[in-house]
Amino acid sequence: MEAALWTEKYRPKSLDDIMDQEEIVSRLKDLVKRGTMPHCLFAGPPGTGKTTAGLNASDERGIDVVRTTVKEFARMASLSSVPFKILVLDEADNMTGDAQSALRRTMENYTNTCRFILCCNYSGRIIEPIQSRCALFRFTPLPEEKVVEYLHRIAKNENVKTTEGGLKTIVEVAEGDLRKAVNILQAASSMSKGISEETVYQVVGRARPTDVHEMLNHALKGDFLKARDELRNLLVKYGLSGSDIVRQIHSEVFRLAIPEKTRISLIEAIGDTDFRLVQGGDEEVQLSALLAHLAAQSSVHRSVREEHVTALDR
Amino acid sequence: MSQPWTVRYRPQTTREIAGNKVALEKIRQWLDAWAQGKPSKGAVLLYGPAGVGKTTVAEAVARERGWDLVEINASDKRSGEILSKIAGLASTQASLFSKGRLILLDEVDGINLRTDSGAIIAILRVIRESQFPIVLTANDPWDPKIRPLRDACLLIELKRLGLREGIPLMKGILAKESVNADEEALRSIMERDRGDMRSAITDLQILTGPKKSLTLEDTAMLSNRDRTESIFEVLRIIFNSRTVAQARRALDKSDLDHEMLFQWILENTPSQIPSRHELERAMSALAEADLYFARIRKTQSWHLLSYALDLMTAGVAVAKETSPRGWVSMKFPQRIGSMSRSRGTRELRKGVGAMIGSKSHISSRRGTKLYLPMIQFIHQHDPEKYRQIAEWLDAKEPLDEILSLENDLAA
Amino acid sequence: MEAALWTEKYRPKSLDDIMDQEEIVSRLKDLVKRGTMPHCLFAGPPGTGKTTAGLNASDERGIDVVRTTVKEFARMASLSSVPFKILVLDEADNMTGDAQSALRRTMENYTNTCRFILCCNYSGRIIEPIQSRCALFRFTPLPEEKVVEYLHRIAKNENVKTTEGGLKTIVEVAEGDLRKAVNILQAASSMSKGISEETVYQVVGRARPTDVHEMLNHALKGDFLKARDELRNLLVKYGLSGSDIVRQIHSEVFRLAIPEKTRISLIEAIGDTDFRLVQGGDEEVQLSALLAHLAAQSSVHRSVREEHVTALDR
Amino acid sequence: MEAALWTEKYRPKSLDDIMDQEEIVSRLKDLVKRGTMPHCLFAGPPGTGKTTAGLNASDERGIDVVRTTVKEFARMASLSSVPFKILVLDEADNMTGDAQSALRRTMENYTNTCRFILCCNYSGRIIEPIQSRCALFRFTPLPEEKVVEYLHRIAKNENVKTTEGGLKTIVEVAEGDLRKAVNILQAASSMSKGISEETVYQVVGRARPTDVHEMLNHALKGDFLKARDELRNLLVKYGLSGSDIVRQIHSEVFRLAIPEKTRISLIEAIGDTDFRLVQGGDEEVQLSALLAHLAAQSSVHRSVREEHVTALDR
Amino acid sequence: MEAALWTEKYRPKSLDDIMDQEEIVSRLKDLVKRGTMPHCLFAGPPGTGKTTAGLNASDERGIDVVRTTVKEFARMASLSSVPFKILVLDEADNMTGDAQSALRRTMENYTNTCRFILCCNYSGRIIEPIQSRCALFRFTPLPEEKVVEYLHRIAKNENVKTTEGGLKTIVEVAEGDLRKAVNILQAASSMSKGISEETVYQVVGRARPTDVHEMLNHALKGDFLKARDELRNLLVKYGLSGSDIVRQIHSEVFRLAIPEKTRISLIEAIGDTDFRLVQGGDEEVQLSALLAHLAAQSSVHRSVREEHVTALDR
């Protein structure tokens, strides 16, 4: 059926398909086979293949839930005939510290009948006593080439025209999140023009970083009016909202060749603008003001420029 | 057998427990003393980091003496009410033929001041009235929340195992599993897990896998668990960065909760950046970052977090113009303990405020603001007068609890 | 019936009548011809023809169509006995993430019996799983001349007297939003005097640019008190709200003959004032402060004036 | 009944009695005479007679009328069996965009059985589809003399002692809002002493301008401590809130004999203070800071004083 | 049972006992005597006897009285089967505009069966339609001597040793709020040492001025760490809130021996800090930043110290 999600269609069907986490996969398979699996903690950024099953992320996960639902589940597991049940707690690092405390003895008391797999983005947010009870597996973001390769395979299968630049842009935008990358690929595939850098940015509702860079450079050179024209252009061409742009300006600031102190002061100004938009400030007025602020820096910054410039590639 | 090794090889008696001989002896002596009647301290607080065997010790002594173990832990709701029922069980005199009992109140530092309200006071009562020995456990005995308990208990510390005790223990297990292991591999596991034997045994199990051998190379796939130590590295990067990008990158190395990291930076900024003008800039960057945390709380706009992070890392780093003057040691943030606790008293204060308000014809908000400090003051200086007021207000219980919590905070 | 809305009365009746979105129209017609129809996502600023295109595409397929807004959709979300085939959902980016997730499930469940056309201003605010299920169509703002032409046609048909200045003002104010433009035309037509620049400004609740210009000029000449009198006049006579005035000052600043530096500093100040008003600052106090800021520039600027003046016509 | 509101008691009973809105009245009478009646939008500052005009226009058509506020309207919005013909809706610009959209649909559905008269302060806050369905009437604030005259008539009728200064103060404070003026008159009448400048300021919770003037003068002479004492006095004795004082300082600044430059810088500072108070700043701290700012000007200003002084009477 | 709180024990039992509000008392007694009773608005700073007067006026009429706070009032707002006649509503100026509008309607609807006494700090925050329905009574802060006298009487009755300095300090700290004054007296009496300046400062949980002074001096000497220790001490040991400390720093600044320019710049910085605290900033973080600012001043200030010092004692 054509409306199916590609993330589902191409979801790894067994542990074997999980990309590029070979070691973890083999270790896990072994543990499962031998039936001696300990509690596990899967740590790593989203979309790196940590399992998503079990309790839903949107469920409330305060201490009360842990003391009732989770415990109940663990208790019930003991009734079934399989050696043990596996209970997957997604986003365990979103649990409060108290809730985590409440979890530790439950993990232990039902060890015979059930095993916990805790998934988290940051293992540092899991309290030590729980870490101590788990085998820790760290999932690393997939390397870009692998993701490109994977997207390529899907695109071929789906008969979608792609350019290398297009796929690379998807990978960049998805930031190592495979699921996100596949979703973008699918969305972009509907554009008649095929998948290029341009279509990808349009689909995700972002401007091309170089365009934003340009705009900032105009402002920093003191050419406020040009910067503002570019701003309007971005708003219209990419169909961006004000806060979209502010966030992109924020990312771009790290790549500008300006003294570090100026960079920090710009970040403060950008944060201010972002907050003002959150509070309901007028988009055009506030973004103009931000560009004006940048332009106002230009005179200051031009004088110190030659000496301090640090070229920053990220 | 489908048991993890931590279960399979859990010590059953105190003799099987490796290390911590002094502590074990202390607890034995204290238990023996019960034969002559209840000792001056009716409870023991076993404390130490995760994985040193606190619960295991309690279970082992109960088993050795043939006693029933009555256990309450953080997975149970521990309101004062529920704990009072335990008190009943604990204070019942043992009949001639019934078995003895050991009451285990596990993980008392995991008590939640909101859902477990009244717990601390109830535990104190259990300790006072119990006819049976009570064992409490905690990771951090200095947690202000449990200070009243600390005073009522005999404190016994369980320490992490060193290599000398840990490696033979691992070897014993490996022998039973018929696995050959390099000494270096075991040493490496011990070092990574820093004496947390539960982690060490789990890792041992994972690493050995299907083959019956374990070499140093095998341990390479092991990930480090996060220990508080890693924070020093992060702070070092931040304070030594000269560019925004460098400082920002420190965050990638830290899995620490952001507000926690903020406290670490706040605590150490003045000592790391002694120049007054640089310090002014750094502190103002922190103040700015703090404002973003407040805005996030207020608007729930989480995307603002990135500005807070920029400012608290890069903002502080870039404030420096001079290069670092050698190593200055990092301090643990003073406030981390007190912060979460002060949140717990808020609900109680509201309730008391309402009672004051209805008696004195003002709103509960004003009641709290106006009268609570005065009542607190009287409590310190004239307990009898305090009692009269508290009873007249019909608010003695909650007032008692607020006051004991606040004393802890101040200490 | 006289109370009918012109936006409805003059809504294009077929895909061919949709203005200036040729590429989109041809893609849509192609889909219609081929008889297949995926879920669609129509993204673009308001008043660029999204809903119209959706309705017409449905009509041309000869199947039932239901049009609904987010609010109504939420109410009928169970959709149990859908008797229709295409559902046009307006303002889809106004849905919360949770609601979008629910929508996504609905799309999956009814994928055999109906298709969705989702209209939104910003495609970036649609969750990826939905984006990837939809073909994306990006609508762009209409060029001014086309809008003027269109308004002219309607005005003629309705026997409304217009001046060229009047229509241009409408277009300027509507900022590429055709629906808005037609609405303003209709509202202005009820004024007895016919449609001139003046009546349009009255209808939309804005001050005449020249009045705002005047006020700013007084301030820049250092005559703060006169500027303030003009301000009160705007607040009271035109019944303008503070934020309206700020936005108009912002537009006007780009037409002032002032040194670039002054312009930049003014625009920063305007951003501040906008935010303060949003936060509940007193309108008169804050706008006075803005004028005072302008007046304070005057002394600085007067001294450098002769040399640097840049005449700006926009 | 003694508790009756004077605003009701003295509300004009026919269109002819409505003060100073001749053009509007004649347009309305014309509509009434012709028997046709479109939906109407009455826009203008509060207390300029909008509701009264609406009610009277309805009465003169001899048809049923219902008056309601936004809140009540929302409650009865289904309007199923309306037994009436004209619905006067107050504060229509207080409705959210969503509510206005709902209202618009209601207007469409009942267009045969009823007409709406919507009253609002700012027509720009009414959504365009509604604006375009309505004939617009713009109400302007009443001139001071007319308001004084009107108050005088009521006072005489109610046997209240007044002084001219008292009535003038009411008018000044009411800023063209007739309803407000009458309300103040009634409130002040309950004070035993009769209506003087003093009692009016007490009733509306403002300080006497001379007291504020004094405070500012102390500060400008550089005597910060005296100024602060006066400030505390205002806060405590008059029970004024911080924002009240800021607004009064703002008015007073225009009457101070200070160089224009100082005035301008003060007004900027006042804007700052207003904003901080709005955000919840501590009244004494923020106002002290403002006075300190004034005091800091004093040294600058004293030196240039003799030459530049501009006496300003307003 | 005798009231354990002195504020209750010594609350005036009849209108005659209310201190120093003679005009109000006589107006109230007059109303009571005449048997008529309008709605009343009692305005004035806290602790000036508003609630007491309300309760007593009701009692003397011999009718049922209900005292309530805004929250409770809202809950029982339907008032269907009111068994009472006078309703004393505290903190009416804390109600939102909407709630006040609702209250106004309630006042209209129940005007036959009950009367309202509304208490508020600022009458200016009560909407006009309510103000005009009420007779206004303005309570003024009590003169210092009277408060001293009153405290003296209580102290004697309770057998508490006092010094004149002690009582004066209480009065100073209580700022005209009688309830606060009595409260401090009672707290201080719990110290066996009797009531001296020292004990009073201990009670008010305010740090003694010397502590704040100390902190500022450390900072101004450039010793930030010592200043911060002192700050933490104030926050934790004395349990002071951040805004308390800001207010005290603010008072203290006027007593510091620093050049006038530094003083003014400090006052502005304090205003800033206050503003940030209000926005939700963390107390320790924001105050630390302020101290760092002070410390940074130290080098500047030390050099000019000897010459410019102005000793300010107030």
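Going by the order they are written in, the chains are A, B, C, D and E; count residues from 1 in each one.
Note that in this section a contact is a pair of C-beta atoms (placed from the backbone, for glycine too) under 8 Å apart; a residue touches a chain by one contact, two chains touch by 3 or more.
Since the structure is predicted, the reported quantities are computational estimates derived from the model, not experimental observations.
Student: Touching both chain A and chain C, which chains are there?
Tutor: The shared contacts of chain A and chain C amount to nothing, since no chain touches both.
Student: Once the contact rule is applied, which chains count as partners of both chain A and chain B?
Tutor: Chains that touch both chain A and chain B, as defined above, do not exist here.
Student: With centres defined by CA atoms only, which chain is the most remote from chain C?
Tutor: Comparing chain centres, B lies farthest from chain C.
Student: Which chain lies the greatest distance away from chain D when centres are computed from Cα atoms alone?
Tutor: Chain B.
Student: Regarding the chain D and chain E pair, does the interface count as same (over half of residue numbers shared) or different (under half shared)?
Tutor: different
Student: Let me have the rounded angstrom distance from the C-alpha centre of chain B over to the C-alpha centre of chain C, please.
Tutor: 56
Student: With centres defined as the mean C-alpha position, give me the chain C-chain E separation in Å.
Tutor: 50
Student: Report, in whole Å, the distance between the mean C-alpha point of chain C and the mean C-alpha point of chain D.
Tutor: Centres of chain C and chain D (C-alpha means) sit 31 Å apart.
Student: If you average the Cα atoms of chain B and of chain D to get two centres, how far apart are those centres in Å?
Tutor: Here the centre of chain D sits 59 Å away from the centre of chain B.
Student: At least two partner chains per residue is the criterion; list those residues in chain E.
Tutor: Correct list: 279.
Student: Quick check: what residues of chain B touch more than one other chain, meaning two or more?
Tutor: Residues 295 of chain B touch two or more partner chains.
Student: How is the touch graph of the chains shaped: line, ring, star, complete or other?
Tutor: ring
Student: Report the order of chains around the ring; begin at chain C and proceed in the direction of chain D.
Tutor: Order of chains in the ring, chain C then chain D onward: C, D, E, B, A.
Student: Going by the contact rule at the top, pick out the chain D residues touching chain C in the complex.
Tutor: 38-39, 43-45, 98, 101, 107-108, 111, 121-125, 128-129, 131-136, 138, 140-141, 176, 243, 246-247, 250, 254, 260-261, 263-265, 267-268, 270-272, 274-275, 278-279
Student: In the complex formed with chain C, which residues of chain A make contact?
Tutor: Going through chain A, the ones touching chain C are 1-3, 5-7, 58, 180, 182-188, 190-192, 202-206, 222, 224-225, 236, 239-241, 244, 273, 276, 279-282, 284-286, 288-293, 295-296, 299.
Student: What part of chain B is in contact with chain A in the complex they form?
Tutor: Touching chain A: residues 1-7, 49-51, 55, 73-77, 106-107, 109-110, 112, 115, 139, 196, 198-199, 202-203, 205-206, 209-210, 221, 223-227, 230, 242-245, 248, 254-257, 285, 288, 292, 295, 299, 301, 303-304, 306-307, 310-311, 314-315, 318, 340 of chain B.
Student: Give every residue of chain B touching chain E within the complex, in rising order.
Tutor: That would be residues 266, 270-271, 276-277, 279-280, 282-284, 286-287, 290-291, 293-295, 297-298, 334-335, 338, 357, 359-364, 366, 370-371, 373-374, 376-378, 381-382, 385-386, 388-389, 391-393, 406, 409-410 of chain B.
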